[in-house]
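Some structures are shown below for you to check.
Okay, so chain A shows up in both of these, paired with chain B first and chain C after.
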Partner chain A sequence: MSIAEIESAELALESSTGGLWREAWFRLRRNPGAIVGAFFVLTFVVIAAFAPLIAPYDPTIVPTVLPETCCPGPSSAHWFGVNVIGQDTFSRVIYGARLSLVVGIVSVAVGLSVGMFLGAIAGYIGGFVDSVIMRCMDVLLAIPGLLLAIGIVALDLPFDRLYQLMIAIGVTNIPIFARLLRGSILAQRENDFVLAARSVGVKRPTILFSHILPNAMSPMIVQGTLALATAIIDVAALGFLGLGPQDPSTPEWGNMLADAQDYLSSQPLLAVFPGIAIVISVLGFNLIGDGMREALDPKLRGRA
Partner chain B sequence: MLRFVVRRLLLLAPIVLGLSILVFLWIRALPGGPAEALLGERATQARIADVRHRYGLDKPLPVQYWAYLRTTLSGDLGQSIASRRSVTSEIAQRFPATIELALAAMIFAIGIGLPLGFLAAKWYGSWFDHLSLVGSLLGISIPIFFLAVILKYVFSVKLGLLPSIGQISVLIDLKHPTNFYLLDAVIEWDWSAFWDVLKHLILPAIALGSIPLAIVMRITRAAVLDVQNEDYVRTARAKGLSPLVVDSRHVLRNAMLPISTIIGLQTGLLLSGAVLTETVFQYPGIGSWITNAIFNRDYPVIQGGILFLAVVFVLVNLLVDISYAILNPRIRYGR
Partner chain C sequence: MIALVVVGASSGAHKASKAPKAFKTLVFGTASDPVVLDGALVSDGESLRVIDQIFESLIKLKPGTTKVAPGLATSWKTAGGGKVWTFALRKGVKFHDGTKFNAAAVCYNFNRWYNFKGAFQSPDATYYWQAIFLGFHNNESSDLSPSLFKGCKAKGQYSAQFTLAKPFGPFIPALSLTNFAIASPTALKKYGADKAEIRNGIFTPTGTYGFKHPTGTGPFKFKSWTVGEKLEIDRFAGYWGTKAKLGKVIFRPISNNTARLQALQTGEIMGYDLVAPQDYGAIKGNSKLKLLTRPAFNVAYVTLHQGTGSPMNDLKVRQAVAYGLNRTGLINSSAYPPGAVVAKEFQPPQLFGYAKKGVKTYNFDPAKARTLLNSSSCHVPCKVDFWYPSAVSRPYMPDPKRNFEVFKASLEASGFDVTAHTANWRPDYVGKVTNGTAGDLNLIGWTGDYGDPDNFLGVFFGTFSEQFNFHNNQIFNILQKARTETDQAKRVKLYEQANKIIMNYLPAVPYAHTSPALGFKKTVNGYKPSPVSLEPFALVSIGGV
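Moving on to the complex of A and B:
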């Protein structure tokens, strides 16, 4: 190896940080918790996506022959047993993943986009607009999240209950994201690179979109992941309270748990399976979110 | 200090006003208006029109809002359609139950979370530390209602140790001077009632306290880790103070700042957010009451109850801020 080659190799070593995102990704892959979380989430997503291929039975169909007693436990024909009207619990848990995932993702997307929009306006324009938006967010935050969601579902808006669930959970997320983004924009606005950009005459929207927002993104991503976990719990909570999908035969984890309550003494497993499904999917997102927070935390950078 | 408190109180006014507008408009957006709810499903159009006129529901919205605001500010929250009792008297009866439950949950959460978090920080990196982290993540990932159902199954159905629903056995006759049942039992010197109420409180408190427990543990661990490496702690150790004194007087005392903030915020959340726990255990608190009211379209209860809970939540947060300013003199100068 020539000296030049050695020197270039050393140079490559020195400049191998590769920016925040690559470094964060590097640390994330070395976090055992995040790996486990990713595994849980991946399983959850695959099950949701391929539910019809995995589930052995139609989850909504009611068999003509009812089980003689409530409720036969796990067997080779029904891995998780059947519920009181003879539906296959395994298939219902599998299909339930679909609903939780879709409602969870859409509602967080609603909360994230509206919250980001409001937070960006409030943080960047400031002044009166900022005050009005943030006081509105305070009002939303003052109402307990679940009650707010229940209230929105109770409005009976003129479209399917499923969309209503997405909106309800989405709205509870709006103030969280709005506050977060506003906070980081306020922090970024005073930075030297923003001052520099402004002093050379970069336009305001350009400063916002190409200088401030990219730097304010990492807490939003962490919060988004954690919000997915909360959203899945919220969907199940609303379902548990009887505010799930309009058609009661639609498999939904919270709903299944509520139904199982009446047969707790004869077949507790009916409550256990949907419950564990919720815990695993929520835990997955929480683990990833936690891992990302650690990976993106500037204080921990370079420690790896 | 006084200026700080007054300023924060003034900042509350627009929030409470906004809340009242929101709740007011929301009630009017619900399907089947208040008049229909009052009269039931078989009311004739003429009767509905009559009631709408009597309650001023046919007037323009701003006029209605103004009337609503005036009665609300005078402390009148209306009358429940379901129970025919005034909303304020129902709140006076149910809120103590919720406070009792929230405090019990917080005692459970702090009593276990604080020592666990402290030990996890002391034994940083050990198997115990890792276990505590996994445990706390699990704690925030288990939905309250699932945990509640499991607790009910194990301790009521299987072991028969604890009652599964309600706040007190129907057979026990206890006077209620304060509506705090535990306190009532003490005042009445009725120890069998005290024991009965306590038994009814255990499972809901554990279910409700699980998430605060996980959070208190995490914050304690983080705060102690933070403080442990401070110079003054090292100095205290170098002076030869016994580890116990260093831990209690130097480490824990300074770590208490973030911990107490979290405890306050969580208590506020519990007071307003015990809906699920109260529903599963049919506990007659304020959360389950409002939820039922939403299902039954009991408008005065919804309106008054949500407004009340939100105001409580905001006030508790204010108290947390104030106590934080008292505990940490550094924060006062900034404002």
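Moving on to the complex of A and C:
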């Protein structure tokens, strides 16, 4: 049996027993916070995925006769009431979930993939490359995330505003992931199993991808979940600041809050519903993220 | 209890010491500081509001209307087919610096403007001179047309004679503009009114005249101006007419709309302009406050930009847009303040030249719009680019985003496929609309400056403009004819006819005339809202306790 074969047999053995992941899953299920979080997130995802089936109205449709006073509150026809031009708030909140989720996932994916790539290179190659990459990441980190995102949207890149948002929020996530992965890799690099693999002549990329990365993944997953929460807030914040989708009829939570601002003293409900939606979705991701952090923390292994 | 007594006693003493004067102070909240207090050099409302109290023009408007009345000129007559105008000037009028108002002073002012050089010829410096009189004695830029104004001569102490290059129908109403108010020649010379430079692309006067020594003949004289804090004007005791009832007016700049409302509620200010529609309720519901509305003198419209590649070249598409805009729905909703009306023509109804009948109307009708589109060059779904301005509120469109959303939804119901675009109002949006790069459709509007339809129709459609990008000689000719006609009855007919032709041709779709509102304390009396925002504070008094 070659060394590689032994190795793969070992890997198969580990995955069949589940090991770390199975234990983590076990601990996660016992965490009430994580269960609540999972429930919120699941609701959010289902709503986002099936928005057209759930929403009673087209969120952009404006009735021919608009409300004469702002703004009719909740009724049986419009559960959350309507806004100043008669659009159904319930439908807009539901479609808003879809936009938040899509922008959130794509932007975190952008941040995660680019950040991982840079972090892996920096951590594994080290030396000069590491210094250059990490100093660049430090520069990005020095700028407050939202400000950086505003700056990127203000560049007015030649894409649709929605893609600009994804890129902007994604870029603000890059240094976070890059630093995190680099740190884990540095810690793993000197571990005995890496030294062992190196000493038996396993190729460097193989060591990185088959040994180091899988062991460095858990903090990335935790950070990814938490980043989703931040991304949803960032989308809403940018929308609130008028940097959301160009088309104002796009249902977007931050945009809805900005519109409600003028009527805050007379019609607080206009701000309450999108506000609650933001709180619930962000809280959900945060709870799950925290639960996973605890579940995946090796120091807590064996407890629970 | 003791405290109350003390307070009562001290305020009593305060009153007693002020009693002989009896002139009260009005504090008025403004959106910003004036730019400079020289009427010739400004075009913004905040500057004009203050200048209008300190200075007077040859022609005045009857308070609350756009009807002309004698100002510093008591009468006027024309000769030479409308090319020569002679003004008889008011006698016994003195400038605030004690110098005499006479024909020489009038001509000094007009010739000063006519002979502006260098930086003063930039359009952001002398916007209104260029809008009315087109050019200068020596035009330094090829963009300027030859001047309509040809000179002013003093014919004796109290008679001034103006010569124009060609007859100009709206000449008299145009002279009512605060921009053509007469200043003391002595003060203009002494304080360097003709010194200015272009600093970072912005016209900046460098003399002290417009900042520390504006000197006119009005019922108030300039007192002091601390930028960002307050601007004070005092009652001018030597005024020739009915003297001001107030002793002092303080203009306090508060840029935020909500902060201005709060300042009014707390009593920090006694009035402010341009109340936001959503704040109407807060003012009406307060027993100490009142809301005054200005007569509608503006128009909001959707530009239908024609030209290569634009579906708007086809009249049927333009008609479909007109039928596809839910104008009534928008104007009757709470997105528009009460008092707003759906515009059927490009000028406000109370202005002469408004065609009372025979104008084609376009009520919201999605089915008809679809039929029109399918028989046009742009079948359903007809793709159009639609621009709206962001982060701005104008009197004729309080929240452009709302207008856009309503119009987008109704156009899409009418067979259009609308793509949204936006830019900030200044400098991008206005510039794009004016040079014709703001899509096929865009939201824009206009507030009138003086009571003549030329200020509406003539400005929009008098000649070819990149904004609308059409050539229609029938429209151009009739508006040029109306502009140079001096017989009032004929002008009325011409404008009525022009309104009909325009609404058939549809270079744009008008949709709203609004009545902007001011908020005041109930104790403030005599403030008469004017359609063109020229409101004399001299008539205002503060009653009650």
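Note that the second predicted complex is superposed on the first by the 286 of 304 C-alpha atoms of A that agree within 3 Å, B and C clash if a C-alpha of one lies under 4 Å from a C-alpha of the other, contacts with A are read in each partner's own complex, and residues count from 1 in each chain.
As a working rule, contacts are C-beta pairs under 8 Å (C-beta built on N, C-alpha and C of every residue); 3 or more make two chains touch, one makes a residue touch a chain.
This structure is a prediction, so every number in the text was calculated from the model and none was measured.
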Open item on the list: Under the superposition described at the top, does placing chain B and chain C together on chain A give a clash or a fit?
Closed with: fit
Task: First (chain B), second (chain C), both or neither touched by A:38 - done: neither
Open item on the list: Tell me the contact category for A:246 with respect to chain B and chain C: first, second, both or neither.
Closed with: second
- [ ] Decide which partner touches more residues of chain A, taking chain B and chain C as the two options.
- [x] B
Open item on the list: Looking at A:283 after the superposition, I want to know if it touches chain B, chain C, both of them or none. Which is it: first, second, both, neither?
Closed with: first
TODO: Using the superposition on chain A described above, determine whether A:69 touches chain B (first), chain C (second), both, or neither.
DONE: second
Open item on the list: Under the stated touch criterion, which partner chain does A:265 make contact with: chain B (first), chain C (second), both, or neither?
Closed with: both
Task: Partner chain(s) touched by A:145 [first = chain B, second = chain C, both, neither] - done: first
- [ ] May I ask you to decide whether A:85 touches chain B, chain C, both, or neither, giving the answer as first, second, both or neither?
- [x] second
TODO: Please state the minimum Cα-Cα separation between chain B and chain C in the superposed model, rounded to the nearest whole Å.
DONE: 5
Task: Intersection of chain A interface sets (partners chain B, chain C) - done: 242, 265
Open item on the list: Under the stated contact criterion, what part of chain A meets chain C in this complex?
Closed with: 60-71, 84-87, 242, 246-249, 259, 262-263, 265-266
TODO: Flag every residue of chain A that touches chain B in the complex, lowest number first.
DONE: 33, 135-136, 138-139, 142-147, 150-151, 154-156, 229, 233, 236-237, 240-242, 254, 257, 260-261, 264-265, 268, 271-272, 275, 278-279, 282-283, 286-287, 290
Open item on the list: Which residues of chain B touch chain A once you look at their complex with the stated criterion?
Closed with: 14-15, 18-19, 22, 26, 29-31, 133, 137-138, 140-146, 149-150, 152-153, 157, 269, 272-273, 275-276, 279-280, 287, 290-291, 294-295, 302, 306, 309-311, 313-314
TODO: Over in the complex, which chain C residues touch chain A? Could you list them?
DONE: 276, 278, 281-282, 326, 329-330, 332-335, 364, 388, 390-391, 399, 401-402, 404-406, 408-410, 412, 419-422
